[in-house]
Amino acid sequence: MLETEHAIYVGSFDPMTLGHEDVVRRGARIFKRLSVGIGINPDKEPLFSSQQRLELMQEILGDLDNVTVHCFTGLAVDFVQEQNAAVMLRGVRTLSDIESEFTMTLANRTLAPDIETIFLMANEQYSHISSSLIKQIAKMGRGTAASKLKQFVPQQVIAPLLAKYS
Amino acid sequence: MLETEHAIYVGSFDPMTLGHEDVVRRGARIFKRLSVGIGINPDKEPLFSSQQRLELMQEILGDLDNVTVHCFTGLAVDFVQEQNAAVMLRGVRTLSDIESEFTMTLANRTLAPDIETIFLMANEQYSHISSSLIKQIAKMGRGTAASKLKQFVPQQVIAPLLAKYS
Amino acid sequence: MLETEHAIYVGSFDPMTLGHEDVVRRGARIFKRLSVGIGINPDKEPLFSSQQRLELMQEILGDLDNVTVHCFTGLAVDFVQEQNAAVMLRGVRTLSDIESEFTMTLANRTLAPDIETIFLMANEQYSHISSSLIKQIAKMGRGTAASKLKQFVPQQVIAPLLAKYS
Amino acid sequence: MLETEHAIYVGSFDPMTLGHEDVVRRGARIFKRLSVGIGINPDKEPLFSSQQRLELMQEILGDLDNVTVHCFTGLAVDFVQEQNAAVMLRGVRTLSDIESEFTMTLANRTLAPDIETIFLMANEQYSHISSSLIKQIAKMGRGTAASKLKQFVPQQVIAPLLAKYS
Amino acid sequence: MLETEHAIYVGSFDPMTLGHEDVVRRGARIFKRLSVGIGINPDKEPLFSSQQRLELMQEILGDLDNVTVHCFTGLAVDFVQEQNAAVMLRGVRTLSDIESEFTMTLANRTLAPDIETIFLMANEQYSHISSSLIKQIAKMGRGTAASKLKQFVPQQVIAPLLAKYS
Amino acid sequence: MLETEHAIYVGSFDPMTLGHEDVVRRGARIFKRLSVGIGINPDKEPLFSSQQRLELMQEILGDLDNVTVHCFTGLAVDFVQEQNAAVMLRGVRTLSDIESEFTMTLANRTLAPDIETIFLMANEQYSHISSSLIKQIAKMGRGTAASKLKQFVPQQVIAPLLAKYS
């Protein structure tokens, strides 16, 4: 029996951004339980290990009682079903974002018709934040990278992120 | 105190389509309470009176215990707040749909920062259905309009709709 | 039995533009027969009467042996079927054009699954031409309207168009 | 001889919004001279008379020495040429905005190849503001309309706007 | 002399999907001859060899008398001209699809002005199918991958596809 | 003190296209000074060395007295500030272009609120030209690549470009 009050939010979170954090906090207000799934792609070399991402997210989201963080491999819909959740929560920032989200949602409906996908629109101040932009700032921002990154990632991410490029 | 498990779905529903019905049924599975608001625009001459739309929707959705149908005037965010709801539910069909939805959501956030807007993507078989298309079929479909309309509107809408154009 | 080598191109052509003419000429090279359908909308007051549009198009396209021009009322798919054609030809200019075209194509597939819709992309020099732009130029272009219109409509359209606004 | 350091910003400004004001102020920093053109469409009944719009804009923009405000009829490109300006300045808020802007720019290039069009992207806090939204709030916002409108229009617009609907 | 009743459909088909098959079958109804071109990109390591893709497509499309399958290297427009065909057939699934298709069509018009490009819109049930999605399911779908893939690829593709990842 | 009459145009220009050249020439008419910045990405292996790109651009743009060409590493906004410029000039070709431009502009505003970004729309005849398309033609165009490339890149680029693939 799927739990409709239980939503799943998946991503690679490599690294987690202020935009991701905002979606989790807003989702946690709407649903009784929110499980975050960190997708592990065995073919890609991540910047942060899955263990490191898990610990960072758990620290950043530690004040939210109804949120748990997990790692998973395989398809997102399989993870949602293993968690007995009925709802996938997605954050969308731009129109090209939502176009690929729509395509993925159609595929997921074919794979798992019982799972409902729900979209939250990014807050304006986060709509331009992407993990690739953050890596670019960390790498090329030179002496001012730390102060720049404050507007893009949670405070806890800055030091480990800069350490990757020093 | 806003109720997060209470969502509002507004529209003009002139007339209600299979796509509208689908969004209500899916929303009613996700939220404990779903209130449908039929927006009354004093400047537009509707096809169906607000009373007629209310009765049609109540009949079509009568099997859903956690759904109520209301008429309202004024801004949608004011209706949401009068209902003490914390969530607006929106169905989106196409990219141009979502662009105007995003714009409206940004405006609503300015007007009522506490209200969260959530999007459901239309099911594939309903993504092309609009009230204006339905009126066009009803008016120009001639002898075969009734059988054509079955794929676009709930059964209960067909007769009153055709009556408007006969 | 539908004829696959017979395509239909419908529109309101109020008035015909260089973009419309280009789509017809290109379509006439691809298909054995091309029938142009001028849609008559009884609810809208056209700029040109349907008879005037028919005569203008017949004159402009008179050199194309495999093209015929017709007026029709009702739904476009019904017109296509009355003509025993299997293919609807559509010209698309912009992305917002194609979004509404996709929606209409999905509706038409529901109404008439046997009819195939085919899209031609507008030539670059015509992609910005719309009937509403042309009316605006005709009305507001003052003394230079005729020379401006040469880049937007077939020569035969200019004089009758300007006559509407003088 | 066109002046490249002279830009034109046209619109109907019925009424002027905070987004319009922002574009003018930013444009006035980039160009030596900026002329605002209030387009008068003889076919549309405006909310504010052209005289009223002119006076409001002159008052709101009075602190900008290099900005002048004018009314014009006819095509925007003709107004630009009458002003001897070489640049049209356009504010864009959304993707559907820019699509129609691109189409209009292509048309303007055909009509006046010497005129360059330049786009400024709306600031995030203004990207959802449109004149039609503002009218809706003024009309339907009831007792709280004035406080709501502060986030959408310059202070000077609020009282005359509410007066239109009282 | 180009043959207008002869269309070309190119792609990498690595692997062929139900969406590709649908476009071929619909194209084969519209045109007298349809030649499928499997593009060989010497810089990319394909999942299936060109020989394997050729054999799979020939088997899957074997019932269509007017369809032939070929491999080619170089630019698609050169392949179309070598085949003496006048028409390129393209399937489009989403708006971002069609944007890149439009760009490619403009480039192809510059390279080969005689070639006409024609677009078919994907059927709703196939619009979310992409080769990259299929590879993801094959790789990450675990024990249920075969049953999942039935909704995405022709039956003949499933076993060889799964063999690539076992 | 930022100079508002000084604009910066950055890119990787690997290689420079006719579209890039067009944006520079149009920008040089609008602004008193235009500085071109060739971004050096230490993680990507370019086709042309930064020195080679610098020399090609200087040769192609040598007739423009108010244009200088530079190489830079790091973030574009830092380069703009080092140049004391107040304006970033961007060329946009397609809607998906502008969507990523909008996202980048929002990020740049966060990083450097004083810098204004201005967009020029590509001329129609260049809107389909991308560096990746050019590389594809150079590599796969065989004997006719040189004549094909004339419509895509400045004359000075053709020989060095073909040399890369011979």
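Read from first to last, the chains carry the letters A, B, C, D, E and F; within each, the first residue is number 1.
Following the convention adopted for this analysis, a contact is a pair of C-beta atoms (placed from the backbone, for glycine too) under 8 Å apart; a residue touches a chain by one contact, two chains touch by 3 or more.
Since we're looking at a predicted model, the values are computed, not measured.
Of all chains in the assembly, those touching subunit A and also subunit F are D, E.
Ranked by how far their CA centres sit from the centre of subunit A, the chains are topped by C. Comparing chain pairs A-D and A-B by the number of C-beta pairs in contact, the larger count belongs to A-B. Averaged Cα coordinates give subunit C a centre that lies 31 Å from the centre of subunit E. Rounded to a whole number, the gap between the C-alpha centres of subunit C and subunit F is 39 angstrom. In subunit B, 95-96, 99, 102, 105-106, 124, 127 are the positions where the chain touches two or more neighbouring chains simultaneously. If touching chains are joined by edges, the resulting network of the protein chains shown has some other shape, matching none of path, cycle, star or complete graph. Remark: the chains found to touch one another pair up as A-B, A-D, A-E, A-F, B-C, B-D, B-E, C-D, C-E, C-F, D-F, E-F. The touching residues of subunit B, counted against subunit E in their complex, run 95, 124-125, 127.
If you check the complex, the residues on subunit B that touch subunit A are 4-5, 26, 29-30, 86-87, 92, 95, 98-99, 102, 105-106, 109, 116-121, 123-124. Against subunit F, in their complex, subunit E makes its touches with residues 43, 73-75, 78, 96, 99-100, 102-107, 110-111. For subunit B in complex with subunit C, the residues that touch the partner chain are 93-96, 127-130, 133, 136-137, 139-142, 148, 151-152.
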